[in-house]
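Before anything else, here is the set of structures, which you'll find just below.
Consider the two complexes below, in which chain A is the common component and chain B and chain C are the respective partners.
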Partner chain A sequence: MSVFMDLNLTFTEDKSVLQRMIETAAQLGFSTVAINYMFEPKAKKKPQIPAPTPITELMDQLPVVQGRSRPIRVLNRLTLVMSDSFHFRSTAPEYRCFDLLAVQPTTEKLFHAACMVYDIDIICVSVTERLPFFFKRAPVNGAIDRGVVFEVSYSAAIRDSTMRRYTIANAISLIECCKGKSVMVSSAAEKALELRGPYDVTNLSLLFGLSDKDCKEAVSSTCRSVLLHGETRKTASGIIYTVKSCSEASDQQEAPPQSETCEAPPSKKQKSSVTE
Partner chain B sequence: MVRVKSRYLLCEITVSDRSQLLQLDDRAVATAVRAAVARTHGDYGAAQCVIGFSVKYLNAHTGIVFLRFPKRCYRLLWSALPFITCIETRGHKIPCVLNCLHVGGTIRTCQKFLIKYNTQQLHQMLPKCKNDEEKQQVRKAILTCSLPGSNRKESEEDFESEEDEEE
Partner chain C sequence: MNVDEKDGSGVYQRVVLKNSSPYHYLKVCLVLEDELTRLSAVELKHFIITGLKNLYGEVGAALSFDLLKYDEDTLTALLRVYSRGLVKLWSSLTLLGSYQNQACAFRVLQVSPFLLALTGNSRELHLD
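Moving on to the complex of A and B:
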């Protein structure tokens, strides 16, 4: 049995809604979820990236995953909706607070840059409107080689019939281009009732034109490689990373040394960690 | 002899308010599924749904439902299930989610899975009991509610009584 993940739960100010969502996800059998902070930089104004709420503040005790004995893992993720190239600053310190970094490009030029240049983990495909550009083979292949993953979210399709058409149409055009490789399907749910079980999602992605194998990978192993990619982004080529050793007494059981060497995660899609 | 092959989907209906579950009935679920299939797959899907589709069993207390689909097109019909957002019964709409737990070739395998699943649920819930007395109460409830001869009923009854206890 593989591990299912849903790397997109939309952040809301209401804590009880978020808690309910995380509980539902655990009950459905997702073992990792990510809370998504959408951020759309406005022109002229100085962009203010939201700071993530710490998970411990959000919930006292994380619920146990269905069919497992471990509690659910919750991550933070930032999604930038880009309409201009200066919106992405590659060295912004704010990005470091997030475990995952995603962009949603709105023009072809930005899409190309996101695929080939930007140091990100996920490229979101817009599902609420007609695709503003066509996917080209070259950048898509480049993204696959770098280990960047494309994301299709399904909750807009559940809400509305027109959105469903856009979702399916955009997903099909993406999947035709990348032949089903490195696509992940996530929920982007705003309420607990918009989440669907992992097997339902797997079957749903058949509608997007994925094959049986790719369907399953879309909710499990692709997500795992995204997580590993997110980890390597923080580190130097995925070989060395530094941890601030806290001077309190609590460091006895954790006790990470100042700089700890860890092996590069053995993932199939982690070619990127070497090339960076 | 060759028999008609079908697939049985064991689904769990999740609602935000548990008391609403009791209002559900077989026909309401069947209508909701048919409507969802017609919405996503149009006339073609609706036509596939006419033969061989039925709601075999619904437990309104636990929200467990067995759906029967013809084997030839069950994946197509299944892909419409996530689009169900509410079930309409007796004039009101109940917002709910169908979560598929198991796909089986016979009702028997689904039943076996369900018993296993419910036991698992019980084990997960028992530690949540606040004191020993409550635990004993649950145990007693399980022992007394067994129906002779029907294994499946029994295990579901367990689940149910546990649910009551939690509330």
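Moving on to the complex of A and C:
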């Protein structure tokens, strides 16, 4: 069985809060966490995508995961809240600083595009409001075939009972549509007390209509496949991988410096030229 | 339940549970934002029932569970619940997020159909 992961810890400016969250996650038994940078492009000015804080700057010593005697792995993730199609630029170099790329579509058209076209890893399902659209089988199945995963987060359900209703309702309607496949349950926690243990999350996912097996996969193997999908995004179909040889090998994945010319991995767009 | 005992050694006893066990036992620990707050056993049980009622309504609040043991200093409790009510009780514990307007969280430390299993915790072992 693959290890437990929580791929959504909300980024806050306050470092101590973030450190407490990572420590708690390690204590609860999560082997990998991702710090999530929310980004909502505004219509007027040119959007400025936040640059991730390197993990080494955040914490000197990463805490040891409970029962595994290995330090926790921390990743960076970007979530785009999209209300228009031009908010997503597929070739933006800013995206490369992040290990995972997620979008939260707000209209049905964007949801369709996110499922079928965009080169992303995660589609977030809104849990704080009534669903603005219905899930349709075709795009959802398309997303599953492409390896894109749907995410339901539970910390809003802990905060407020109205949100809890929306979370459960939206999750159920998603899971009815995708039959429990490719669903990932994560926390979206803003502080340490909003995190729950992996087995708690597994049990909670039962309420969303997932089967016992899918519940466990929602915190473990689905997350693993998201990570692998995120890695293939940086490579040419997962076949060729470019590594900068000048920097020493590091276990932690850090954010690469932004302005670098040699740091341009062959993206999927260039697939034909690579395979020739 | 089928208890078979070997003759020579009365020390060891093998217990085989044929049917699924009637109860599940949970060891939970309440973590509060303000660490100085103390709850009595009655307050804790009432708090859990409130959580059940919030999530499952009156029918959920009628779910019977017992608080077998409670340590006020560490806020650690042992709960016993009918196996069919386990998912309900556990999910309501998960979704409890505030106690008297302060953030809180239930950390479910162990869950087992056997009370004896809660005497030790394999996750606290240090692996090297």
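Assume the second predicted complex is superposed on the first by the 244 of 276 C-alpha atoms of A that agree within 3 Å, B and C clash if a C-alpha of one lies under 4 Å from a C-alpha of the other, contacts with A are read in each partner's own complex, and residues count from 1 in each chain.
Definition applied: contacts are C-beta pairs under 8 Å (C-beta built on N, C-alpha and C of every residue); 3 or more make two chains touch, one makes a residue touch a chain.
Keep in mind it's a predicted model, so treat the numbers as computed, not measured.
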item: Simultaneous placement of chain C and chain B on chain A, clash or fit; value: clash
item: Partner chain(s) touched by A:56 [first = chain B, second = chain C, both, neither]; value: neither
item: Chain B versus chain C as contact partner of A:68, first or second or both or neither; value: second
item: Which of chain B and chain C A:196 touches, first, second, both or neither; value: both
item: Partner chain in contact with A:157 - chain B first, chain C second, else both or neither; value: both
item: Residues of chain A contacting chain B in one complex and chain C in the other; value: 28, 67, 157-159, 161, 164, 193, 195-197, 199-201, 203-204, 206-207
item: Chain A-facing residues of chain C, complex; value: 31, 33, 54-55, 87, 90-91, 93-97, 103-105, 107-108, 111, 122-123, 125-128
item: Residue ranges of chain A touching chain B (in the complex, touch as defined); value: 24, 28, 64, 67, 154, 157-159, 161, 164, 192-193, 195-197, 199-201, 203-204, 206-207
item: Parts of chain B lying in touch with chain A, wherever the complex brings them together; value: 14, 16, 39-40, 75, 78-79, 81-83, 85, 95-101, 103, 120, 124
item: Touch list for chain A against partner chain C, complex; value: 28-29, 66-69, 157-159, 161, 164, 191, 193-197, 199-201, 203-204, 206-207
